[in-house]
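The letters A, B, C, D and E name the chains in turn, as written, and every chain counts its residues from 1.
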Amino acid sequence: MQTPNLDISYHAILPEMITTSAALLIMVIDAISRKIERRVAGGVALVGLLGAVAAVASLWGQTSRTAFGGMIVTDELRLFFAMIFLVVTFLTVLISLRWIRDEALPIGEYFALLMFATTGMLLMAAANDLVMIFLGLEITSISTYVLCGYRRTDLRSNESAAKYFILGSFSTAFLLYGIALVYGATYDPAAQPVATTNLQLIKERLAHGHLFSPEMLFAGAAMMIVGFGFKVATAPFHIWSPDVYEGAPTPVTAFLSTGSKAAAFASFSRVFILTFATASVGAAVSEGVLAQLKPAWTGTLMVMAMLTMTIGNLVAIVQTNIKRMLAYSSIAHAGYALVGMVAADWKAVAFYLLGYVVINLGAFAIIEVIARRGDVSTQIKDYAGIGFQSLGLASALSIFLLGLAGIPLTAGFMGKLLVFKSAWAAGYHALVVVAVINSAISWYYYLRVPVVMFFSEPAVGFKRPLLSRSLIAALVLAILGTFYLGIMPGRVLEALEGARTEITSAVR
Amino acid sequence: MVPLSWYLGLSALIFTIGAVGVFVKRNVITIFLCIELMLNAVNLTLVSLSSFFGDAGGQLFVFIVMTVAAAEAAVGLAIIISIFRNRESLNVDEVDQLKL
Amino acid sequence: MLAAIILAPLAGAAFLGLLGKRLGERAIGFIACSAVGVAAVLSFYVVFGKLLSLPEEQRRIFEHLFTWINVGSFRADASLLLDPLSGIYILFVTFVGFWIHVFAIGYMRGDEGYRRFFAYLNLFMFSMLVLVLADNFLLMFVGWEGVGLCSYLLIGHYYTKDFANDAAKKAFVVNRIGDFGFALGVMLLFWKAGTVFYFTDSSRGIEGAFDWAIRQSADPLTASAIFAGGLTTIAVLLFVGATGKSAQIPLYVWLPDAMAGPTPVSALIHAATMVTAGVYMVSRASAIYIQAPAAMLIVAIIGAATALIAATIAIGQWDIKKVLAYSTISQLGYMFMACGVGAFTAGIFHVFTHSFFKALLFLGSGSVIIGMHHVQEMQKMGGLKRYMPWTFRTMAVGWLAIAGVPLLSGFFSKDEILSRSFTTSILPEPWPKLLWLVGALTALLTAIYMTRLIVLTFWGEERFNGQREAAAASKDGHARHAGPPRESPMTMVLPLVVLAVGAITVGYLGVPESLSGGKVGNWFENFLKPVLGQSEAIARSSFLMDDMNEIARRASEEHSTEIELAVISSLIALAGLAIGWYWFRRNALWQPPRLLERKYYVDEVYDAAIVQPVKAGSTSLLWKVIDVGLIDGLLVDGSAWAASKLGATMRYLQSGFARAYVAMVVLGALIIIGYFVIYVSR
Amino acid sequence: MTDHLLTIITLLPLAGGLALAVTARGERPNESAMRWVALVFSLAAFGLSLALPFGFKPGGGFQFETNVPWINAFNLGVRYHVAVDGLSLWLVVLTTFLVPLALISSWRSINFRQREFLISMLALETGMIGVFVAMDMFLFYLFWEVMLVPMYFLIGVWGGERRVYAAIKFVIYTVVGSLLMLAGIIALYSLHGTATGNFTFDIVTITRDAQSLGFLTFSQEQWLFWAFAIAFLIKVPLFPFHTWLPDAHVEAPTAGSVVLAGVLLKMGTYGLMRFNLPIFPEASQHYATLISALAVVGIIYGALVAMVQPDLKKLVAYSSVSHLGFVVLGIFSFTDKGMQGALYQMLNHGVSTGALFIVVGMIYDRRHTRLISEFGGLASVMPVYSALFLVVTLSSIALPSLNGFVGEFLILLGTFTSQTLPHARLFAALAASGMILSAVYMLWMYQRVIFGETRNPANQKLADLNGRERFVLAPVIALVFVMGIYPSPFLSLSGPAIEGLRSRLNPPVVSSKPTAATSPALTVKE
Amino acid sequence: MEKVLFIIFAVLAVGGALNILLQRNPLYSALSLIGTLASLSALYVMLRAQFIAAIQIVVYAGAIMVLFVFVIMLLNVPKEQPVIDKQKWLRYLAVPFASVILAEAFYVLRLIPSVTPPRVEGDQAVGTTWSIGTGLFTDYLLPFEVTSVLILMAVVGAMVLARREGD
């Protein structure tokens, strides 16, 4: 028996360890002090997140290093997405700080769950093995199931959690089945180990074309599309998201529509772009079946992207609840990001998502303030005339909505530009045109909110909401991020770009 | 000697039954049971592949899946309890406040 | 120097318009008149002092001010050209214009728009002089539209009156229709000739369009030449402009309405100067026209037809100014007929004489109108010679002159036109004879309707009693006080006298050689020879007869026929006077045929056939149906509606039932797995 | 200084807006001071922009250039590249000229949210200048879209009754077009990058390479042509994309209308000349007939519909459709005369229609109605106003010696003498009939508003123009005359740029000398 | 012989699964699921996955299902509740959807190459506790550790949701 090489590298999982520790610390303090101060809990979370950011930063440059027997990998995709998740959680914590007290909900558990979810998302990005992807996904999912139902006495919150749970675990079963089939399909008696869930090994086997059963591979890939498609909320697997987003507490919705979506895209990209796409490129030996895999999934995703954008945008037009409208909007945005997936350009997708999460979190921050205690005023008509009553808030919301619409100067535009550019260069012209038309449609409903805010008479009894410092900080960060990524995206893009050569060279 | 495809076929059959059960049954607990059934079907696939290939990975995966199933069960049942507290019903068709 | 001529009235206009707010009527009148007076004096100086001092073939003075537009191969300068043709024009324009200004001082007294009136009048003088002095078509177009604008402003002088405003707008729009043709003509000319300048000026490196035109071979006299895009097309398009400005068929309809303006305006713009711009332009472009016989024929036919039809309408009019307006149209038709038969000099000569006697007649009618306290209907006049002796005397001169009574100015010019029509060789038979016949008939009608006008106004019973109060009440603001008709003040009578003298004498400047037997040189023709001589020569030696013998024979024939024709036309004039005198002395209020009274219903037809359909079509079809209905409603709002309807439909996928969602997920999964499975086994 | 002059001019108004946003806070900010600040900033931009024509060397290509890398990653090759050439030079000046006037003209008519109004105007100015100076497609698109936002608020907040509908319609219309343009930009960028290995959004580079390398196939050209053209034609707006214009004009406040008509519409025609003609010359020629036909339809259609409008602003809006039809026609004549005329007509239309909206705004301020039937007989009570209105009207109907004529005539002449455009003569003749119709609707409108008796008692004690209003109109009126009488300085500066375009579009040099009728060039494109 | 055993347990498993759907009472469904789980466990034994078979019974059937049953008993839905079925049409989808999934599954499976499991006896065999244990603490070390996070989080989550108001 060979001596097992455990390949333990604490550095490689430092970010995850830090976030987990922060979660544990919060719970310990909560347990010891009987009732944890929200500032303490939030502070620990924020410090933990900053620590995780530092840890991610310290990993930068160590690209394509695997650890734990190939279970996780440190590459640009992981690191970049990790940054996205940490940004998401950071802003979510800032948004929640005041809200959690106003709502009188358990504080310690909330922040702990957020941090656990972050850990799950970080693992999803870091995973280099289907097991880890599954685990990360489950950690994220289960913690968000709980967060959706966090306002336990609220029927909407219950319903949100129930629907999310039923549909989420249902789709997880599909993903799992897909994983099992891929595991079986890549059986190669000549290799060691004979069967694997490790993506690196799967990629090599695909490249060499030694497959047990291509049919199983395809069926597995299809079921994984179902699983991931559900998590990123693409049509026709999007249907859970409007209900869940509407019913969940607003900060959770913010987190859900950004973080867990981005995490699913991270794994999605890891499996499909970095494993299934590059394999077919290098599959010189067995063009026969394997050369079909990429066209099969890109074709599917293309149709799904078109459907997703169209449904998201069209249905958003007729919404009257702003949370629900943004839910549909985030469906549409998943569609735009899928455009980048189709082009097999995960960097464009990553940048798109970075911009999207910053803007979307900003928008939800404001919605949370306006919604007030118990999410009571989330109708668009509740925004009537607040434009000049609280100009700053309304202007910020307008900026975010325009950013979502993709107006230049904002991150939304840069993201769209990159994604569309990639898709065009990859030859998906029709897809770009559909995306462009959809963008035009989306202006209609994004503009409706400024219309209501600025162009109509204020509703009686509107009181200017008081903004907490943390929320202002979140808003300022989101606005700065929106413009920074829109105007000076150079540094971020270069950081992303550095990956290009290294990853391609690693593939070869 | 039972061929591999028999096991896989059985697994697919059970998975199908589970999947159908999720949208046919109304009781939220039964729905949950069906989801568990689906997970078990996948487990059967994994175990049979693992055994036929002589690779422990599949069975290790099953171990992980079982843990996840346990965790899911804990949270899922908690969600069901909190719904029941508010609604006094386990019928998913009554949970339709959020729509359109 | 030439610039000073055009700038003097402009300065007057600018001064009055911008700074004249506090000036009194006296000062305003003085400034306006002196502006024109300066221009007149300068004109006399440049024509007689400078132009005539040049050798005959070099009588062309260019004055380059600045390059106006210069784009690629296209160039148009703000530069002036003085040659005998423009010289004649600036002489009578400034001279007659000056006296009309003087007349207006009295006529407009007490008007609230006094300053505005004189500012516009000066502006008109500026535009007219630009039109005449321009050395290229584009600058001419500036003046061309400028006079149109001033005409618009002055017709609408009484802007509170809707009919005046309508008339003003009609004048401008109808003129624009003509200008449309003119502009196209200029463009076509540029396309073909590569220039819009009249004459070559090597100092500026420009080529002249007329120099180009002369080099071309003449177009054939066929209908297809009109549409061929060559010289004939250019000439016809330019003539469309002339029909607008000079009130020819079919665009004459604005001129009668234009009488809504103050009478000095009618005299200056709508009789003496502006309306003859078309004749000027055609004569100016004689080099083109002479190469385009089809266009010449059109010009002649339109001119003759207009002359005749307008004359018949004039018989049926009751408004004194309307009679004169139709008379003007008719006389303009004469002028075009002259141009059409190649007698450009004769046309210009008629312009020249006509400007005197028609201005005189208009001013006289203005004097009558003032004397009658703004009554214009001749039914309400009669017997005025007792009250307004000077007006009567001077108008009588005009009457006789226009009627073509021998030895008055109208006789010489009209006779010249008639005889040249008869003998022209540029048009094929039977057109010369036919044109002459129409001209002669028109001359007869002219004598008749002018006699009617004079008789109804100055002779017969006094029909104005009892109308006075009503008149005073209706013309508010203008009826200074009611009372018996009275003679106008000195400022009005003096111009009448001056013009009357002119109407008698100016004809002697152009006595046809055949009549004088060569004893009196035809100064006018000689003067214009450097400009129009070449064209006239071509006209005489028309390509219709290449046989040299024929030419010689015709030339000798002409002399004798001219005398015969002069006798005939004198007789016609006298016959017309006699008929008019005897008929209208007895039946002063003879009811003319309704068709004539209503001007052949042309306005009504235009209104029903063009104006109303366009308005209705624009409103109901273009705006309401296409714009609001089709584009906005169906396409724009429709697609928005469709999008939201589609969205509203799709949202029902979101039924709220988790189980239905599960089914949808399963369905999606089925499709995707099926696609993949089928895809792989392909 | 000259290196950054354009940047300064572009950003100065925005800086003013920011200054207002930062300083003028509190419950009751000093409105008058805010107006002065805004005015000073916009006037400063105008003053600086005057340096452009004086420092501009005709034929010197792109000048006052700033060209620095901006975003390099991902092969984007986005550059901050601003410059002016003969095409954009005067449009920049027009923009900086009109905005102060618009501000002064609405000095007292904006009675709420003064600060936000001024900020919007200034931001709008920056956006508009930016569009004209941007020489990088990314930058161009950025300004193009960003400018929508302040305009949207100008219409939506300070607009009339149907302002919401109008604002949304305006934005959606524009966005549909501009997003197609975005697809076109991306495609052009990709095609150019793939063909040359130089991935860039730089307009100058791409234009040059399109000329020298011809990296586009004809079918690619056609697609790209439309991707850009639709965006621009919507903005122009060419029939049948024009229906946003009447609504936007009617509902926008005076200052908004002035800027909208004066500058925004020019962005479309400018775009055609900047992108479509030089980069897709073949496609431009291929579709010239279609677009020219639409332009001619627009000229006549706009005029006819304008004629029957009951609302002053709507009338002016439809007249813009008609006038901009001329511009498009001139552009697609591909002659130096036509394109020069088009460029000049853009300026003219900016001045005249801007002035028309100012003039209409003046009576709107007094009467709060724009219905023509509400007026009549203003000449008696407002003589100065009537006189100035008259000049503006005449300028709009292209009276020779006023500005409109030069542009319109050159366009018609260019179209008439076009060698490449089929049916050029017919188009020119039909377009020339627009001259007649413009006289009809403008004079009829003028007559109904100004002439007649003052029957409506509400009009009987209207005050004539005050000093401020005269001050607004004075420079416009002066410009109307100057541009009509002495256009050479304007034309000569843009000449070389136009000549470059022309030679691009008509590769074999053809003269418009008499031989043209039989020139083989005429049959090349049939 | 093996095939007979397989068929027996397969039928039991499928029958148990179908019975879940057929039962009205969730309690019976849960019991039926336990039956299926047990049959699967037997199949695992046949596949020589002894460890998994054991924890299938101990953890799954033993712990998880007990939790289910416990919750079902706890909630004890009153019998007299009206049957609310707003989405009757869904049941008509059951057969078509199931047949399509199965068709797809068997379409894939018909092409699966036959494979013979390696004959490795003793501790080294794949399904033994030894081999699973070794795997868990070598290759699967990280997943195993992460599972603890998952469980901990699930506990926290379940606690938050299930505890009574005011705790």
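As a convention for this text, contacts are C-beta pairs under 8 Å (C-beta built on N, C-alpha and C of every residue); 3 or more make two chains touch, one makes a residue touch a chain.
Keep in mind it's a predicted model, so treat the numbers as computed, not measured.
Shared contacts of chain A and chain E, meaning chains that touch the two of them, come down to B, C. In this assembly, the chain whose C-alpha centre lies farthest from chain E is C. Summarising the inter-chain contacts, the pair of chains with the most C-beta pairs in contact is B-E. Taking the mean of each chain's C-alpha atoms as its centre, the chain lying closest to the overall protein C-alpha centroid is D.
With chains reduced to the mean position of their C-alpha atoms, the one farthest from chain B is C. Between the Cα centres of chain D and chain E there is a gap of 70 Å. Centre to centre, using the average C-alpha position, chain B and chain E are separated by 6 Å.
Chain A and chain B have CA centres that are 25 Å apart. Our note on geometry: chain A versus chain C, Cα centroid distance of 79 Å, whole angstroms.
Multi-chain contact residues of chain E (touching two or more other chains) are listed as 86-87, 90, 93, 97, 101, 104-105, 107-108, 111-112, 115, 134, 139-140, 143, 147, 150, 153-154, 157-161. Across the assembly, chain C contributes 640, 651, 654-660, 662-663, 666-667, 673, 677, 681 as residues in contact with two or more other chains. The set of chain D residues that touch two or more partner chains comprises 172. All chain pairs that count as touching, in label order, are A-B, A-C, A-D, A-E, B-C, B-E, C-D, C-E. If you check the complex, the residues on chain B that touch chain C are 19-20, 22-24, 26, 31, 92-93, 95-100. Those residues of chain C that touch chain A in the shared complex are 640, 643-644, 646-648, 650-651, 653-654, 656, 658, 661-662, 664-665, 667-669, 672-673, 675-677, 679-682. Listing the residues of chain A that touch chain D in their complex gives 347-348, 387-388, 391, 402, 407-409, 413, 416-418, 420-421, 424-425, 429, 432-433, 436-437, 439-440, 443-444, 447-448, 450-451, 454-456, 488-490, 493-494, 496-497.
Of all residues in chain B, only 8, 15, 18-19, 22, 28, 31-32, 35, 38-39, 41-42, 45-46, 49-50, 53-55, 57-58, 60-61, 64-65, 68, 71-72, 75-76, 78-80, 82-83, 85-87, 92, 95-99 touch chain A in the complex they form.
Across the complex, chain A meets chain C through its residues 162-163, 166-167, 170-171, 174, 214-215, 217-219, 221-223, 225-226, 229-230, 235-237, 239-240, 242-243, 289, 292, 296-297, 300, 311, 313-319, 441, 444.
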